[in-house]
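Let me begin by handing over the structure; questions about it come next.
Each chain carries a letter (A, B and C) given by its place in the written order, and its residues are counted from 1.
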Amino acid sequence: MTTPLLATCDLSINFGGLLAVHNLNLEVAMSQVHAIIGPNGAGKTSLFNLLSGDLKPTHGQVFHRGEDITGFPPYRVSARGIGRSYQITNIFLEFTCRQNCWLAARARRGSAMRFVMPAEIDKDTAEGTDKALAMTNLTDLANMPAQAMSYGEQRQLEIAMLLALEPEVLLLDEPLAGLGGNESQAVIDLIRRLAFDHGIVLIEHDMDAVFAIADRLTVMVNGEMLESGTPEMIRASENVRQAYLGDELDLETRA
Amino acid sequence: MDWLFLLIQTLNGVQYGLLLFLIASGLSIVFGIMGVINLAHGSFYMIGAYLAFTLTELTGSLLYAILLGIPMTMVLGFVVERLFIIHLYHRDHLQQVLLTFGLILIFNELQQIIWGGDPNSVPMPTMLTGAIPLSDTLSYPVYRLFLSGVCLVLAGAMYVVIQHTRLGMRIRAGASNRAMIEALGINIRLLYSIVFAIGVALAGTAGMLAAPVETVYPGMGEQILIVSFVVVVIGGIGSIRGAFIGALAIGLADVYGQVFLPDLASVAVYGVMAGVLLWRPTGLFGRGA
Amino acid sequence: MTVVPPKNVLLALVIFVIALAFVPLSADKYWVKLVTRMFVLGIFAMSLDFIVGYTGLVSFGHAAFFGLAAYVLHLVSREDEAVNLLWALPICLLASGLAAAVIGALSVRTRGIYFIMVTLAFAQMLFYFFHDSDIAGGSDGAFIYIKPVIEIGNVPILDLDERGALYFFSLVSLVALYAFLVMILRSPFGQVVQGIKVNEHRMRALGYNTYYYKLVSFIIAGVLGGYAGFLFACIDGFVPPELLGWRESGLALVMVILGGVGTLFGPVLGAMALLGVEELFRERHIFGPLTAHWQILLGTFVIVVVLFMSNGIGGQLLRFSRDQKAGER
């Protein structure tokens, strides 16, 4: 039994009486896509905040490759190779597409306390930046200021930054939100490719996409895990149907 | 250690702290609800003190002066808000700080023109000039007890208004979600003007109350402003409870500092601030900035 | 944020600098001193823009490092002979740097409004220290009787007391320090620091420990502020405690916003403009009886600048240059 890439043990956070996440146990392995689904307010983003270090749990632990990283601040979590994309686009609007990725790529390459040589000189970082841009088809937009990009392009940039970070664990918070058909498919294909050599945790509402790419699903309701299992198990579960999927699956079969 | 002496110093520290609380809570309310940092807040303290000086000369008693002065400071606050502060709601901190800095320069010069540069003293009201004897040689001034009492009453009134009235409810709602109360149809413009006027009145009233026991001089506004900044940093912005605890802490630190470390007295206050910062960068009760 | 201005603006600035080199040849002592003061305050304002405009740290206590260096120069100066700038300046810079390190280490832990208040408070602490103690003349201020000289071995290279010497030394310093800051802003450190200004949360999520980057930025600005303070003390030879005060810190911020936040060259122009405006407000021919109360004019000017000119002279120049470029296409 290999150590999971990322795991939590009874992870909980209590916001002054509101248990946003309660006794959550999660495991992600390398080359696995683990999707977290559930109604709005179920605590999915709070869970991500706990995993990324943006929030400190009131109870429970987070493990990375078996090592306890509970309570690590975001910069330490990120430095360990756990990268996160955001539901609400969280990029550097004032900078160009390339500069956005550069900051992510540079973070990967040691201390940036270098004061003399211009930033462009570093070939290694430039290559990392170009690679991330290429993987998300943003190479042509490299010199465009991020605030001038369309919503869909900005969501691509959000992912590009994550890729430039070269993490081994990807936490993707609703990467498909607000994307049109083609853009959506491009992201789904990208996630499929990435799944080969990364561990991915995915929050999504697009059930077609989730069932198409997830290896494992965890359903969260009111901060707790309702059920966790393979897509088939979840699809067949009566609990899940009642709590969340019922309407969605009926619509599917009718269509 | 002379216990009586220590008692007197403690009473002084509490009195200074309560005064600081009035000023700091005015600053904190304005920032917490309106999102505006008003550097000229100390100027209103100064204006209160000078108003007390002039109105006492006119009416013969500080008590009448205060009764007249409070509505005057509220009107001043209302006018300043409508003319200047209104432009700051959607501007960044730098612009807010600089515009109110400009106001300080103007207020200071107006003060020079009207009252001149010499320090002034304001006589206490005759019925409060006595002192309560504590021993053969030591007694405690009645006026200082009166001052502390008034501050406590005002603090209590603030608590009641904020926790138990509709205005207070709107103020608390505004502090947590500005857009929402606009959507609920509450007249934000009027609310902000009232809140700012209250803030100014708190500072001005503190100035009027303090006038008999502090020297009334041109730089007094900035000096108290910076100390009230320390109080707000320690207590946390937007928190009245924090302002109360912070103010008492600073009041006592300042007075004890002068007693036990006379050479480092002025540094004692900053030392407390530094200590709190090391432990809690958003203040003891702050919600962040 | 503009690190290197576009070519046409850069050209205009170079021409401006060259023109300034000719001032001491024709103008009398009063104007030479005034323009020297403009250069020195330009360095001061530029160093403040480094943290305000490029790191996002609005400091209301920058005068602390400015005034501290001036006081340290007084403390190391002798009444009977000139000190050697080659060791006096580094000592003053070290003092400012250490103060910035200590104050910064505590202040940078805070954000937003807290940072403004905390920097103001610490600067005021230094003000009270020099004002209330008699280490350096207390509230009366301190004097520097003989300006420093630059000597290598025993060979005199430059005597700052000589006519025009301080002027040129300040101008060369201004240009050199500008180039220095541009270099830093183009480096990886500079890119990170600008990223912090735009979105600190994301920078931390990317793995940067933003605390240290902000602190180093604060120290760099403090050292450069000290450089300006050293020169300022040389101009009049008088160091009052007000150099550390909130008024000086506030006026520095006015220079930054007047010149253009985040343009680097702008605040230098802002410093010049502010000094020019102050001179103007004291001009009886224009303002008559108001000159006795020119602070009201200054306060009004500050308010007008904030309300109507918030992108500053530099900001306007850059916009003008962009429009020119767009028109040409």
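The definition used in the following text is that a contact is a pair of C-beta atoms (placed from the backbone, for glycine too) under 8 Å apart; a residue touches a chain by one contact, two chains touch by 3 or more.
This one's a predicted model, so the numbers in the text were calculated from it and none came from an experiment.
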item	value
Any chain in contact with subunit A as well as subunit C	none
By number of C-beta contact pairs, the top two chains	B-C
Chain whose Cα centroid lies nearest the overall Cα centroid	C
Length of the line joining the C-alpha centres of subunit A and subunit C, rounded to whole Å	44
Centre-of-Cα separation between subunit B and subunit A, whole angstrom	48
Distance from the mean Cα position of subunit C to that of subunit B, given in whole angstrom	33
Where subunit A touches two or more other chains, by residue	none
Subunit C - residues contacting subunit A, complex	1, 183-184, 186-192, 194-195, 198-199, 201-210, 212-213, 216
Subunit A residues touching subunit C - in the complex, by the definition given at the top	52, 54, 73-75, 78-79, 84, 90-95, 99, 102-104, 106-108, 112-119, 122, 161, 165
Residues of subunit C defined as touching subunit B within the complex	52, 58, 60, 106-107, 109-118, 120-122, 124-125, 128-129, 132, 246, 250, 253-254, 257, 261, 293, 295-296, 298-303, 305-307, 310
Complex contact set, residues of subunit B against subunit C	31, 37, 39, 84, 87, 91, 93-95, 97-99, 101-106, 108-110, 112-113, 222, 226, 229-230, 232-233, 237, 266-267, 270, 273-274, 277-278, 281-283, 286, 288-289
